[in-house]
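In this document, chain identifiers A, B, C, D, E and F correspond to the written order of the chains, with residue numbering beginning at 1 in each.
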């Protein structure tokens, strides 16, 4: 059993994603949601955060939040998986606890 | 006449101070207030932001906010000036307009 | 599974309330139960019936209230946080000498102990905030 | 000089309301005038009389109201922002079919035009937010 | 609606926050639309995550929120046509002007030709522009 | 007050925000104090700007706000004595444990000796600690 981390802040505006990755144990998962979804985009000044964590942590992104912000799925960093709210529920159930990086 | 910029966010948590310094014209002033006062402290991972801006921009810090947070004045970066709320009012009056970096 | 939900921000200002609502609906649709939704910090502002959002926008207070009614969910507004922010029911109004109250249908006011209890009883606690 | 003040956050949750209050007091003490304090976004939550902060803490709603009375300051709560957040006066309550209202003494509800007008008329506009 | 006896001030609205995660983008736009009736010299700046407000293709059906991005298209009709986007902010986010809404206005002084409202400028240019303002709104 | 039939869960309160600028630090502390009555296995973590909450010498007279930092001293009396501070966060802010409140508790299992509640640990150690929790509160 491992933790599910949720990050809802843009990595350009706040340090939440950076801190989450620093403190997420290998084998845990991160769900990027709300303004956090910008962290899942490739070719940005912050892409290295998620790209660098990939071997150690499974990274998910909330599809409805991508759509709201006009981020098309072909812009996502390779290996990032898109889930809907039902998938979010499943992730919470599958992990031992959820830690929100607010 | 030049702008007074106010920054009320910690430079460790948010990008406001960094953006303010990038977009503040030479000859303008910055007032660090609320959680922004942490940006005025020397010997931190973010001290270079204010230290690097000093030749170009006058940097002020709000004393009551320093006191609330237990930051003693001998920890401030050289050249940063401490003002109280009255001094804040004077700064607003002395500059052509105020820009808040929220 | 039994889920507990913590909402830390008011409606509209932050997406937290929307995200929590969508999550709660999805959890119910998957057959999970929602032990309680606890509203803390500015989250207490989800519980005022004085809200009138634009007609072409969602009404989050009513959405939460409707969900509570339909699925019999306990929705608790923290009393200490509510006092700081001007949310009260008839009892609270009387206790503090207020000339009215604004708690919406489907919500109740109670203490922080209800949040701790939720943490103990629920299989999972999910936090939505700023 | 004539100052205009814009407050974008509610009391307690963010320091913005405190900072704006301290600034306003200091400006008055220096002989400046305050053309208007405009409350926008969650700032409208500064204008509810249902607030009951802990007795050992400051009461920001009353502090603002007192300052308005003492110095005859126009304090305007934005109507659109107030509707989203459940702040209303008697007129607004009637218009939207609410069974009560919660606007505090010293505040009035009006439109965003009052903010633009403030920007035009004041010598300086100072913004306090999150 | 301007009864200020001809006072024209330079108003700058600075947008630094992403849409939807918080309401600042939406409520800032509401101020701009009301303000457009006052005959001031209005500019908008999109900096940092504010540039995300202008990204095209927004679809909020899944989050249950109101999609307010079409409203930016109306700015031209309100004579709000000085829209500055910081190049450094676009670059950091892997965006170009082609990712943004194609905001247009009709130029009254040039035979009503349709022109682009968005002007991508550097930090250095934007800093100079900020310095010329009489009133800077930030939300 | 625990009527849960002996369920003991690991509760972690994560504090990542500075005091006074926002209310999260204060209202988080209020949850910890109420929660202390429930006989759970409680830990507090101070990370990022959360470490500023514990800085000593806070004086809020000038800002007109309530100084709540003395309340941290009471945590030991409530049997809340596992207080973890991330070393990397202290280092980045130029702080050491000497800048923090000297939080103490009386160890019931060791002749009531007075001990330090604060334990400075690395990111790697804290990550392991987070992973063992049943409930993680963040505000």
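As a convention for this text, contacts are C-beta pairs under 8 Å (C-beta built on N, C-alpha and C of every residue); 3 or more make two chains touch, one makes a residue touch a chain.
These figures come from a predicted structure and were not determined experimentally.
Asks: Under the touch criterion given at the top, what is the topological distance in steps from chain E to chain F?
Replies: 2
Asks: Name, by label, each chain that touches both members of the pair chain B and chain D.
Replies: Per touch definition, common to chain B and chain D: E, F.
Asks: Farthest chain from chain E, going by mean C-alpha coordinates, please.
Replies: F
Asks: If every chain is reduced to the average of its C-alpha atoms, which one ends up farthest from chain A?
Replies: Farthest by centroid: D.
Asks: Between chain pairs B-E and C-F, which one is joined by a greater number of C-beta pairs in contact?
Replies: C-F
Asks: Round to the nearest whole Å and give the separation of the Cα centres of chain A and chain C.
Replies: Computed value for the inter-centroid distance: 26 Å.
Asks: Using mean CA coordinates as chain centres, what's the gap between chain D and chain F in Å?
Replies: Computed from C-alpha means, the inter-chain centre distance equals 35 Å.
Asks: Return the distance between the CA-based centres of chain A and chain B, expressed in whole Å.
Replies: For chain A versus chain B, the centre distance works out to 33 Å.
Asks: What whole-number Å value describes the gap between the mean CA coordinates of chain A and chain F?
Replies: Here the centre of chain F sits 27 Å away from the centre of chain A.
Asks: Tell me, which residues of chain C touch at least two other chains?
Replies: 8, 12-13, 15, 19, 22, 41, 54, 80, 84, 125, 127, 129-130
Asks: For chain B, jot down the residues that touch at least 2 other chains.
Replies: 8, 12-13, 15, 34-35, 64, 84, 97-98, 100, 102
Asks: Would you please write down the residue numbers of chain F that are in contact with two or more other chains?
Replies: 20-23, 48, 63, 65, 135-136, 138-139
Asks: Touching pairs of chains, which are they?
Replies: Chains touch in the following pairs: A-B, A-C, A-E, A-F, B-D, B-E, B-F, C-D, C-E, C-F, D-E, D-F.
Asks: Give every residue of chain F touching chain C within the complex, in rising order.
Replies: It comes out as residues 1-2, 4, 7, 9, 11, 23-24, 27, 30-31, 34-35, 37-38, 40, 135-139.
Asks: Can you check the complex and tell me which residues of chain F touch chain A?
Replies: Residue list for chain F touching chain A: 14, 16, 47-48, 86, 88, 123, 126-128, 130-131, 133-136, 138-139.
Asks: What residues on chain A touch chain B, complex-wise?
Replies: So the residues of chain A in touch with chain B come to 12-15.
Asks: Please name which positions on chain B make contact with chain F in the complex.
Replies: Residues in contact with chain F: 8-10, 12-13, 34-35, 38, 41-47, 63-65, 67-72, 75, 84.
Asks: Write out the stretch or stretches of chain A touching chain F in their complex.
Replies: Touching chain F from chain A are residues 2-3, 15, 19, 22-25, 28, 96-102.
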